[in-house]
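Structure, as structure tokens:
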């Protein structure tokens, strides 16, 4: 089913965690680059706040191109498309921020995303990772989907501490404060399939 | 009547399957290229999600130009128009995704679409084909319209398995996971009429 | 009165047929070209679907420039304005499609439109002419306005067959499937007045 | 008071006639050109239909530049601003069409507008002048404002014929079918003050 | 307090008069130029009609550059920003027209605005100054704020004549018909502080 | 927690004070520059008035580039992004004006912002600092967050004077009239971390 962990052969595909009326769910953020002049296209029935997360993610990468060993001019020569399947479901909120910045960093560097890792957290322009809601439901959804590792804001540790250990004994958690920590954890050195 | 199978002389015309309050229906996706700078125009009284499918389809082709033996520069030199008749009927939803990407691939390659084939399925930016709803009604409409072959997401096989075999004995089904499989099934090697 | 047949001295003026709450009516589609870069302007209090008809008409002509012996570059060097009087009346629906494509073809070729001819039919991007509603009322309005010949979709023949012959004995009907047939019927070889 | 006839020293100022809930009124259409690239700006709290009249007026002049002895390139080198005082009053409808085209023709040719003349009528793209409503109220307002001559569509003659002669004995009426007739009547050969 | 007369050291700051549910008030129009290509930015929670006043003001200056001894090319080389504090209060209506044109004229010429002068009046594209409402309340607010001189439309003289002389004995009034009169009254020959 | 004072290692991060239904709160304004052509992007779920504050802040810096020892051409060569975390919370009003102009000035000069300083105040285009509401609640929130110094409009002094001294004995207040005073107080001479 589409709600289980997916392979990481391609650049730009990252597993996020969503919290809906029906409980927790995994979602995928996909990104793709094509020849262009720096236009950002957003699809997947996204609300304004979620679109802002993608704008923040792209701006963060532009102003931190050095840290990622990217030539700043690449941002002027590529159009960027970010999509969050599935189109019939409206999506919103800031919690896909770290998923989006990881997806874009993978697309721009063509580095593979680590397998069986998922994440949730708001980002800010300077690179802070802020806590988000629905942690318990998201974690259970991640586990059902075959995820092994989860990246969260340090300020969400308290939410994990409240979950009965037996539910999460096979998961490892990474608590972060900054986008650079996320990228270090989630991107491998291996090049993705073209 | 306009609701029966139509010839495939021209590039860019592909038969899709829709599900409305009144039951299943076939629909046609048409696309056309003209000299331009890469603008995408969408007509046919399309909702936002259906417009996003066309944006995804075009972006997918841009980032997979190699697989289709297309020169990436063609996307900068042509405007693309996608139309879904009939204009009086509002249309929405993601299920025309594979129909749209097939239509665009046919227009850009000028390869004919196979005759008597119809399809339904959501696409994602990385090329996955996702399952959609209303399968039983759509299949019956396809049969009434003279369709022989149907392309669906692998995750829709369970919906076909629930239909009484007698209703579908003259149809053959193709279950796919990826856009490249769709294009392999639906596009012939023959050049369309100019 | 403005609701009677008008002369065809100028290029770009074509008589269509509309169906309103008050019964059938004739309408005129006017088009005009001016030096520009290919912008399309639409006036006359038109709804979205009617605007889409004009976009389809223009795109069809661009991708069939050869059939009309037009140099494709003309579309980049002219702005196109399509107007449907009267401005106080909101208008919508796809049935002015063939009227619009005839108007634009006349403007681009400067060929005169045949006199005392009217038409109604939806168009698609590949050039199909689809049936439309309100045929009986439209035909009676055309007759009142002094029209002799009417162009319709082949799929509207059944609607004409249901009208008492005495009402339509002085009208001749042309049933078409394709835009090229419309243009052959409606455009003369004579050049319009400059 | 602002509701009386105004001098015609400057190009581009033309007296129109409006019909409001409070009865007939005169209004002024002003236009102004400045160095630019052909942008059209519309102010005065105008509704969509009234904005379309200005677009039609400008397009008509572009495609009839020859008749006005204008060099077509002037339209690319000037921005055009059309204003209808007073800003607090919302205005709409097509009846200012001939007033707008006269204002623009005066601005582009710098020819003075005849004094004590007012007008009301819808225009079409090919230059027809269509009848409009509220004629009796408009005529009385024109008279109160000191107007001597009035331009109307030929199809509005019947409305004048219904007014008691004593109310209009000091007015002369011009019934027109075409924009060129309007311009001939309203523009003098004298150059306006710079 | 912010509701008293402010110094005129800088170019582009002009005192206007507003009329709100709470009575009369003074307001300030500020404008600023920066290197650019002629873009006009409007801030201060302004309604459409008030934005149109700023567009009219700028267009008037462009087409009367000569009268102000300005080189017309300056309008292509500067972006213009007009702001009306305070941002939390929605503002609308045409009565800030003469205040806006004075502010812009001061910014473009860098001439200081006369001190202790306030104004209210609608402008038109050809430069007429039209009367506005709320005169009594506005005048009293101006007086409370330390204003000495007030510019109004000639057609507002009747409103001043109805105010008891004792309330306005320390104010002098200027009644104008045309924008050029306003600028002559309000702009000094002194250059503003850079 | 995210609601405490944050370090000032990076340019462009400034602490503001907000007033919500739930009481006072601190907020952070972040800004970032990237290679571009002067586009301003605003994120953080901001209302129109708050967006206008950012536009004013940027315009102020452009027209006062000299005072900040900036080369005016930098504004044409950088895109500017201003973000106010957290994305899920709608924000509006003019009171972040001085926080925004300080953030932008820090980004453009790369000068560090002084630590443990917060501010609230509306700005105008000419650089005035206007008083804002909710002072008491904002001050208490600042104190809880570890702030030592607060910048306010001179016209807000009366609000501080009404707070019991014991609540604010460890805070120092700066009352300002002009943006230049704010920047002098808030920006250090030290260069921020790249």
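Note that the chains are named A, B, C, D, E and F in the order they appear, and that numbering of residues resets to 1 at the start of each chain.
Here is the rule we go by: contacts are C-beta pairs under 8 Å (C-beta built on N, C-alpha and C of every residue); 3 or more make two chains touch, one makes a residue touch a chain.
This is a predicted model, so every value here is computed, not measured.
Path length between chain A and chain C in the touching-chain graph (shortest route): 2.
The minimum number of touch steps linking chain B to chain F comes to 2.
Common neighbours of chain A and chain F: there are none.
Interface note: chain B and chain C, two copies of one sequence, contact each other through mostly non-matching residue numbers (shared numbers fall below half of all numbers used).
Taking each chain's centre as the average of its CA atoms, chain C and chain D sit 30 Å apart. Centre-to-centre separation between chain B and chain D, using Cα means, comes to 52 Å.
Not a single residue position of chain A touches two or more of the other chains.
Chain contacts here close into one cycle, and each chain has exactly two touching partners. Only residues 1-2, 10, 12-13, 28, 30-35, 41, 43-45, 81-83, 85-88 of chain D touch chain E when the two sit together in their complex.
Those residues of chain C lying in contact with chain B across their complex are 48-49, 52-53, 55-56, 59-60, 62-63, 72-73, 75-76, 93-94, 97, 122, 124-126, 128, 130-131, 155.
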